[in-house]
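Next up: some structures, all given as structure tokens.
Same chain, two partners: chain A is paired with chain B first, then with chain C.
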Partner chain A sequence: MKAADLIAVIPELVLLVAACAVLLAEAFRKEREASSLRGRPRRVAVALALAGTLGSVVASLALVPGEARVTFNATFVLDEWGIFFNVLFGVAAALTVLLSPRYLQAHDRHLGEYYALLLFTLIGMDLLAGARDFLVFYVALELMAISSYLLAAFFRYRLRSNESSLKYFLTGAFASAVLLYGISLLYGQTGATDYWTIGRILGSEGAAPAVLLSVFLVGVGLAFKVSAAPFHMWTPDVYQGAPTPITAFFSVGPKAAAFSVIIAAFIFGFGGVAKEWSVFFIVLGIATMLVGNVVALVQTNVKRMLAYSSIAHAGYMLTGLAAVGWSRDVYPAMGVLVYLAAYTFMNLGAFGVLGYLKTEAPSSFDYSLGRLAGLGRRSPWVGLLFSLFLISLTGIPGTAGFIGKFWVFSGVVLADLWWLAVIAVVLSAVAAYFYLRVIIYMFFREPEEQLVLDRPLRGGAAVALAVCAIATVVIGVLPARLWDAVTEVFATFLG
Partner chain B sequence: MEPTSATMPIPVDWYLYLSAVLFLIGAVGVLTRRNLFIILFSIELMMNAVNLNLVGFSRFHEDMLGHNFVLFTMAIAAAEAAVGLAIAVALFRNRQTLMVDLFTRMKG
Partner chain C sequence: MVEKILFVIFAVLTIIGGLGTVTRRNIVHGLLFLVFTFLNVAAIFFLSQAYFLAVVQILVYAGAIMVLFVFVIMFLNLRTFQQQEQTHRRQRWVALGLAVLVLVEFVAIFAGMTFTSARAGFSPDMVEQSGGFTRVFAWSLFERTLLPLEVASAVLLVAMVGAILLVKKEKGGDVATQAWDPEEAPPANVRDEEV
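Right, the complex of A and B next:
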């Protein structure tokens, strides 16, 4: 290893320093009043976490000029692709940090370790996007997963949070064992673990049963991570039980990281059997869209409804992945990247609004639909923000959600899978019912009992929600910049 | 010449059969058992099946890549077990049971 090797991992090193600083700052804190210890603002930890996440974004952007940085014996690459995901993940984590402090204080569990774990998860996600070797990929995946199990269990005195973490842990560990078995079979057939060598050797073997088995096992392992049906059972319970800012983060961060690694590993490593894995993703995509949208129709708990909606969104993106393999062209993958960027902001925003409501009414707000009745008239700003995110999740033109759906589905149509695009569009029309129902409750229903909010929306949560709202509208109205960035990513991605 | 372990090593497919059986036992254990500890053991069994696979292949290819990989998976399996046991302790404090089918607060 040379010192120059480290340039490509500067964004991760920034995060690592920030995470260690948060842990040290917590260890050296002087606690005076033991009783109100957990309800206090942790300004140092929050500031360090924000500095770390934004620092990694700035460091990634500063590394833009120049060719792809291939380091650590070609197991890790920082190119436009890695930078795109570093920025996306960094912004998502920074917004989560902004949403968290008041929520954690309201639940008497404001500890610095929370921010350190969030930063470790972020390091795992960044490494995952840049990995070009199954060993680095596996280690990064586990760094992300193990930190997220702990974040889900952060309210460890609450049974719901424990249960959420238990389900996340058991399915996650099972999925990574399956994934690892697939990787070991790949190593057996090729004698290598890096994507390119595996791709070259498997490409000459064609669709042998052993190749298909190992690709299938890796695909199933990753399907758990993106919560594709029928491997989605854990998602609603985990999302419902975890602290709301963490749910917001889970629904965008680790999911996007898993998508990034699916695109990279399947294009580079499994290009020889592209048609076969494309069929796998078509089946998964249809099942996922069906389950997500249909089950969301009958939910009365809004947090759980948004969990099923995030399953459905994973389904739309899976159709894009299927189109990549079907047409052996990266054009639909560009749509998936646009979708991921749009989805990050609108979904963080939607969960962020729920987090704000829970913060200001910890005992009376139980995430049920009935509790939201009349909210739009009592707190018009909160109602409007939530409506904007829900409209964007529906995919109505003028919002980010529409742009994402448009690029993904047009990629699917161009790949000659028009019938798949028709299924996706019909199911996203079904989704309009459960999104718009929430808006109708907020603005046109009389509440049985008024939801009393302690304080108006302000501080970090207000900033985070404003950023999400602005990004949702800007991507929706002026998508050209984002599209150009994604085009540039793919110009260098294939080398 | 008398066959010795040096001239007639165990063929690589024997390792594969053993590891496939171990992996399936682990997978069935995770899916059917209800006690959290047994489930954790079964996950460990699946991970060790993978390790066996990697080491067997490493010998077959005559390189060290598989051995290196195993060192990483063992370290990660240990970290994962630590987190799993921590979750088990937290659960037991709240409910005094480790039968996972009883944890059904959230459904639907």
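Right, the complex of A and C next:
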């Protein structure tokens, strides 16, 4: 290691300092307010977490390099690719922090460790995006995963949170084991753990059965993380039982991080068997879109419905990945990055609105569709915001969701997989039913019992939702800037 | 030849130990099987001339960590797991069938295969020339894989914070955290509602 290597991990170091500061601030807080079940929001922790996440975003942007920083013996690279994801993850985490304090207060759970764990998850995600070595990748994945299990269990006195965390932990550990098995087989065949060397050696071997099996195992392990069908079973239960701001974060952050490593590892490491893993992702993608969209149709719990919808969105992005392998071209991957950016804001926003409603009506709001009836007329702003996010998730032109779908599907078509794009478009038309149904309930149904909200939307949650809404509209109307950024990312990505 | 025979013996013993660990109902017996597994893994390391790793395996895993496990089990007084009603009886047979299928697949693919890492990685001569196993090991750990090593420390910190978060007794948190029989109604203070 050279001292200069540390420059590349400055964003992660900023987060690490912030996380440790949060932990220490918690340890030294006054005894009389030490109860976690009563008291005030942890202002210090919130401020430190915000400072940490935004600091990492600023540090990443300040590090925009002329050339890629290949560090730690080529196991970790900070280039435009890493910076794109650092900024995306940092913003998502900052928005989650803004959504959280009132929610935690409404549920009588005040612990600063919440923010520390969120920061640790973020460190893992940033490292995942920059990893170019399976060891860094695996350890970063575990950092992200273990922090996530704990965040899911944050309401430890609630049955649902316990169920959520345990399911997440067991399936996650199983996925990690499968992934590790794949990595160890790769090491056995190549004697290396970094993507490039593995790619070089496997490239010369072609599609030997042993190579395919190891790539398959790594793919299955990662499919768990992006909740692709048939490895999606945990998703609805985990999303339902986790604190809602954390659910919002799970649905965008760790999922996007898993996509970032899939793209990097499969392009660099498994380029030799691109056609084969492309078929794997086509099958996964079709299954995921089907399961996500069809099961979401029958959900009456809106939180679960959004969980299935996030499964479906992973399916759309998987078709983009399949197109990358099929055409051996990174163009569809650019679409996936645009989709990830768009999806981050609209999905955070949608879950954020649910989190706000739960905050202001903690005992009466149970996420059921009926409970949302009449909301649009009582609280028009909240209704409009939620409608905007749902319309964007549907993929209607003028919103971010359309731009994401447009670039991914056009990449799929250009890769000569037009039939796959047709399936995806048809299924996203099916999705319109369950998204628009929520809007109809909010604006055109008479409620059986009015949902009484304690306070209007304001404070941190208002800022977070406003940012999400603005980003959703801006990406939808003026996508050129985002597309340019993604083009720049891929100009240096392949080196 | 002798090495090969020894390897097979220790590998079989490792598998037996692993099976014993997951099948024993008495948790102390399970732990002893786990120690047995660790010792056999150490023996395999020893056979592959990774002496340092073998010693670390015995000292850290079979020694320190297992002692901790036993302590925790004694503190919590967990002697046996209660016999739980299997909820998905048919799944067990499907799982067994699939497991056999996967095993056959792995054997079919990897039987007779030479792993390149054995050729491309470190040979005993190379290790000899660069100053012995421990030196090569230290170089790999603290130079080549320094970043994952440091990240692992963050993972341990998170695990520690998490353990405290999950089990610490909280002031005002007088809610029952002990288990209850699934067939009875949960204690009144356990809340089953959406979060």
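What we mean here is this: the second predicted complex is superposed on the first by the 487 of 495 C-alpha atoms of A that agree within 3 Å, B and C clash if a C-alpha of one lies under 4 Å from a C-alpha of the other, contacts with A are read in each partner's own complex, and residues count from 1 in each chain.
Heads up, the rule we're going with is that contacts are C-beta pairs under 8 Å (C-beta built on N, C-alpha and C of every residue); 3 or more make two chains touch, one makes a residue touch a chain.
Bear in mind that the values here come from a model prediction, so they are computed numbers and not experimental data.
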| item | value |
| --- | --- |
| Partner chain(s) touched by A:Leu180 [first = chain B, second = chain C, both, neither] | first |
| Comparing the two partners chain B and chain C, which touches a greater set of residues in chain A | C |
| Touching partner for A:Gly241 - first (chain B), second (chain C), both, neither | both |
| Touched partner set for A:Arg304, first chain B, second chain C, both or neither | first |
| Touched partner set for A:Leu170, first chain B, second chain C, both or neither | first |
| First (chain B), second (chain C), both or neither touched by A:Leu118 | neither |
| Which of chain B and chain C A:Thr75 touches, first, second, both or neither | second |
| Contacts of A:Ile146 with chain B and chain C, given as first, second, both or neither | both |
| Contacts of A:Val87 with chain B and chain C, given as first, second, both or neither | neither |
| Touching partner for A:Ala341 - first (chain B), second (chain C), both, neither | neither |
| Footprint overlap on chain A, comparing chain B with chain C | 135, 138-139, 142, 146, 149-150, 153, 156-160, 187-188, 191-192, 240-241, 301 |
| Touching residues (chain side chain B, partner chain A) in the complex | 12, 16, 23, 26-27, 30, 36, 39, 43, 46-47, 49-50, 53-54, 56-57, 60-61, 63, 65-66, 68-69, 72-73, 76, 79-80, 83-84, 86-87, 90-91, 94-95, 100, 103, 105-106, 108 |
| Complex contact set, residues of chain C against chain A | 105-106, 109-110, 113, 115-121, 143-148, 151-152, 154-155, 157-159, 161-162, 165-166, 170-173, 175, 177, 186, 189-195 |
| Touch list for chain A against partner chain B, complex | 135, 138-139, 142, 146, 149-150, 153, 156-160, 162-167, 169-170, 173-174, 177-178, 180-181, 183-185, 187-188, 191-193, 236-237, 240-241, 298-299, 301, 304 |
| Chain A - residues contacting chain C, complex | 1, 9, 16, 23, 34-38, 72-73, 75-76, 107, 111, 113, 116-117, 120, 123-124, 127, 133, 135-136, 138-140, 142-143, 146-147, 149-150, 153-161, 187-192, 201, 209-210, 213, 240-244, 301, 303, 358, 363, 365-367 |
